[in-house]
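We just call them A, B and C in the order they show up, numbering each chain from 1.
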Amino acid sequence: MTTTLLISILMSVAGAATPLLIAALGELVAEKSGVLNLGVEGMMLIGAVTAFAVAVTTGSPVLGCIAAMAAAAASSLIFGYLTLSLTANQVATGLALTIFGTGVSALAGAPYVGITTQTLGLLFPPSLATDPIWRLVFGHSPLVYIGLLLTLGVWWFLKHSRAGLILRAIGESDMAAHSIGYPVLTVRYLAVLFGGAMAGLAGSYYSLVLTPMWAERLTAGRGWIAIALVVFASWRTGRLVLGAYLFGAVITLELQAKAAGFSFFAPEFLSSLPYLATIVVLALISAGRRNARLAAPACLGRPFRATA
Amino acid sequence: MALILEPRREPSRAMVLAAPLIAVVATLVTGAIAFTLLGYDGFGAIREIFVSPLLSAYRWQDLLVKAAPLALIATGLSIGFRANVWNIGAEGQYILGGLAGTGIALAAYDMEGGWILPLMIVCGILGGMAWASIPAILKTRLNVNEILSSLMLNYVAIQLLYYLMRGPWKDPMGFNFPQTRLFTDWETLPMAVPGTLIHIGVPIALALALTVWLLIARSITGFQIRVVGLAPQAARYGGFSAPSTTWLALMAGGAFAGLAGVLEAAGPFAQMVPAFPTGYGYTAIIVAFLGRLHPVGILLAAMVLALTYVGGDTAQTTIGLPAAAIGVFQAMMLFFLLAADILVRYRLVRRRQPTGAPAPTAAGVPPQASPDTLAQEARAEGVAA
Amino acid sequence: MPPRLELQGITKRFPGVTANESVSFSVAPGEIHALLGENGAGKSTLVKIIYGVQRADEGTILWDGAPVSIGSPREARALGIGMVFQHFSLFEAMTVLENIALGMDNPPPRRELEAKVRQVLDTYHLALDPHRDVHTLSVGERQRIEIVRALLQRPKLLIMDEPTSVLTPQEVEQLFETLRQLAREGCSILYISHKLHEIKALCESATILRAGKVVETCDPREHSTRAMAEMMIGGSLKDVKRKSGGEFGPVRLAVDGLSAPGEPPFGTSLKEISFEVRAGEILGIAGVAGNGQNELLSVLSGERHHGVTGSIAIDGVPSLALGVSARRSRGLAAVPEERNGHAAVPGMSLTDNAVLSARRRKKLTVGGLIRLGAARDFARSVISGFSVKATGPAAFAGSLSGGNLQKYIMGREIMQTPAVLVVSQPTWGVDAGAAAFIRQAMVDLAAAGGAILVVSQDLDELLELSDRIAVINEGRLSRSLPVGSVSVEEIGLLMGGVHGEPATAEAA
């Protein structure tokens, strides 16, 4: 009995952590290249609504996920054009993208409110996951595995690939990279697009896995938590997984406590737990580290314009 | 003939003023086309949202009432944005302002006197400031990014509101609806113009914006805010500390948002309800940028954004435009503004033909260019170095 | 044999200025060729054109006799052009090896690269640990990364942009040995500098640029440094006039046991710094960049307080606990190294920039409000008093040339008649005319009873200006020595961290 409960909690943690992890991986790559995109929440919403609409229309949740990545990446291109080509302020543009994504998703999603669709199925045959322990291994949504594979991929890319080295170099000193001859803006565009696609994929998780439905502001600020996770992880891939699963645990705690009718805390307090936890975690991580700039890419958020 | 962007020698003051106009016009045109393509009456939508409200005296009142909180919040935010303090938590500070005022109103429910409303307003301001002090402490003590902390607190503020509405502050005679009692006459805003919707919050917003203008332009505190925003290192050199600026910026943002909140609660709402947060805190960010972080510009921009609210309501009923379209219009305006802003620092010129003839002096270069040519080169070189 | 590199009629224009105007010269294989000129004469632009960072509007580049078009640094490297930048294109948070790999187009695998790097280091007797993070290295070591990076590509032409401005005299000699060895092996070297004695010591030919044009191509060994300097500035050199042998007044700035942590992220901490400056005296502080100069400046000006211990007294009054504004009121004025964004706000008018640091002493505020008229008047008086070329007090600081902005900043501080002036790199990146003016103004302030502390990497400047010189190295300050009795070699040794007899004698 307790094993079953524990396993269902662990399953739930992995489920809640996955979209945070995927979105944060995208933001990590963008930030490593020196771009601070605060539009994650907006891109996730665009991804969520696209995934849902495409899944309803075509009947294929997989197509939905792919379309979500494409749509969110397209929206990230607006951000990229404004901040990279036109050197607009990255903070303001990221906020604008979030406002835009919130509005566009509500607009596009209006016809889909109140209907359901087929969710993204399991990766492995259910027969493998009948035993509770094996369920923990084989019983997750494909995106859970994809999230972990992506983590490995991003870690290898940043740490061991030549392209990753160049991307990090551009985030450390765009001027130096430019004077050596690296295409700063091209690399940053690609990083922003990757961030967009990941946010879109994370968004699709909300509308096709967690809740098979669409509602306005479905992601409820999770995009911002993903951005906070990157800070929490000190821009390191490994700690991103830790952070995401920690937050998955907090969110699971909130849901489990509510489901259990735990009346000692008001449900509103439980609902604000993820946000309070974010603040507390940011405070702890920042306090323990006098030189925040050691970890953050040196050019983060700064515009770059090469001379002719 | 290819157009290229060429850096200006000084930021263009004309483009600073023109960019918001370009943004609004571009939004109207793009919006009309986009919504037509989406199968709505796009041009009708533009007319309903941006023109019709201006033709009706009643709608003008509504406009002013909606513009007042936007202008107030944006004025406060603009102080922070100028100093590069990114307070995104105005929505939460607005809610806390409203809640603090409501707390007084509920406590003074069976009392009478002219002191109640001023006390509510003071507490509303303090409520907003208290909420803003959390990111301020975190930023100055622990170096926590204020964008994330102030934003997270918006979600917490909403939950706090829900909790109070469903629990302790629920109207005992309210058939279990999650809302407070109606405020008494002592607890609601008097009208600035009798017989209209225009409450005293409107002239307050106007007066405060003008005061802030004066302070930013002429006071040493305003100078501090400007220097910190333009060159933080120079600000330290000039004797202005970074923590004091962070506090100043967040307290100003919190105070103005809190004031807007309590004025809304004691004005149009006249009670506290779960639907109290209407996104003013986010829209005010757009107002602040569209108004160029300048109080007078903010007053004008607040009217434009108020139009989207008022006109959006109309368009919803008359031509069935979804409410969410308003958010899209608002975001587009900010996108276009940010895009147009490049013309402040760069100008469009035709690509020079590489001919052997001596190049004519580029337009706009003053004749006494000789001493500055070295600097020009030094800077041109510095950018790529 | 055709020249390795030949430029014919290279012209490059920027908005409102012609950086290079039909520049022509050539460099033979194995030749060490100097490109000489003042700041802003167009040297850097020319080099960027050769290295493919920028493109010329007109003109031809010939490589081994054949016309080439160099569209990018990558193409330049493919031809065999290597470049060592003045401002290093290095990545602080990465290792030496990663930095070298980034500088190559097709780096071999890690181990192989490391072996090759070690081989180059051995061949040219360069000391460098490939696994260190760049931010832990000295400036000289950083330059070696750039050199190794360039040498790994086996260049036929190596461009060195102002390579010695950050080195100690001993490191300079080491560098010259490496360059001579390269030239013997047939590599051409284009050596950009404005330091004439170095060019005389190293180069066989020199092209002198002034205001974007070639004014002379000559053999530097056959001309005096003074003659070349006058070709460079297009006029006669002005010497600083000073009263000699005067007695100094009372101590105006006394610093004792001053320690402070380094500036994040990669700064140098100050360790037990002590010195005194008297009325009428100029104390020079020499040292290689990054040895605590910035920290010393910001601790003295009051911009940094965190973790600072020891004592600072202005006119005998303890001032360590005072903030920037209070120290200014006491009479301490400071001019940091960086003009744009530190000593001045580029996006603000000269009037506003006057308010920035002069509001207390010049009473430019009343009741929390700025007296705009008074501020404008003060700005105007600085403009005229220091012959700043600007359209007026409303001009943006960012629109002034480096020299004019520096004159404005120095004027703003000096016209507040400070008791103590602390200034870093007073003539860095400034043309010769403005530099002479600024030095004269400092000498005059000292003559009027001010105490001046000058921090500079330019040893020649310090020898010209100062009464005494001390050296800062790794955050420690040596004993100060009277200028008349000290040799360049001695100071050089101190800069390199070798503490001579006198310093240890005092420490003991």
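One rule holds for everything that comes next: contacts are C-beta pairs under 8 Å (C-beta built on N, C-alpha and C of every residue); 3 or more make two chains touch, one makes a residue touch a chain.
This is a predicted model, so every value here is computed, not measured.
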Which chain's mean C-alpha position is the greatest distance from subunit B's?
C
Could you quickly compare A-B and A-C and let me know which has more C-beta contacts?
A-B
What is the distance in Å between the mean C-alpha positions of subunit A and subunit C?
45
So how far apart, in whole Å, are subunit A and subunit B when each is placed at the average of its C-alpha atoms?
28
Residues touching two or more other chains, restricted to subunit A: which are they?
175, 179, 307-308
Subunit B touches at least 2 other chains through residues 380, 384-385
Please set out, as single numbers or ranges, the residues of subunit C touching at least two other chains.
53-54, 85
Complex interface listing, subunit C residues touching subunit B
13-19, 39-40, 42, 44-45, 48, 53-54, 57-58, 85-87, 211-212, 298, 301-303, 323-325, 328, 334, 336, 338, 341-348, 352, 355-357, 359, 365, 368-370, 372, 389, 391, 396, 398-405, 429, 431
What residues of subunit A sit close enough to touch subunit C in their complex?
162, 165-166, 168-169, 172-173, 175-177, 179-182, 290-291, 293-294, 298, 307-308
Please output the residues of subunit B touching subunit A within their complex, sorted ascending.
4, 86, 88, 134, 138, 141-145, 147-149, 151-153, 155-156, 159-160, 162-163, 166-167, 282, 285-286, 289, 322-332, 334-335, 338-339, 341-342, 345, 380, 383-385
Tell me, which parts of subunit B touch subunit C in their complex?
6-7, 9-11, 218-221, 223, 226-227, 230-231, 233-234, 236-239, 241, 352, 354, 356, 359, 361-362, 365-366, 368-369, 371-378, 380-381, 384-385
Which stretch or stretches of subunit C touch subunit A in the complex?
52-55, 72-74, 77, 85, 88-94, 98, 101-103, 107, 264-265
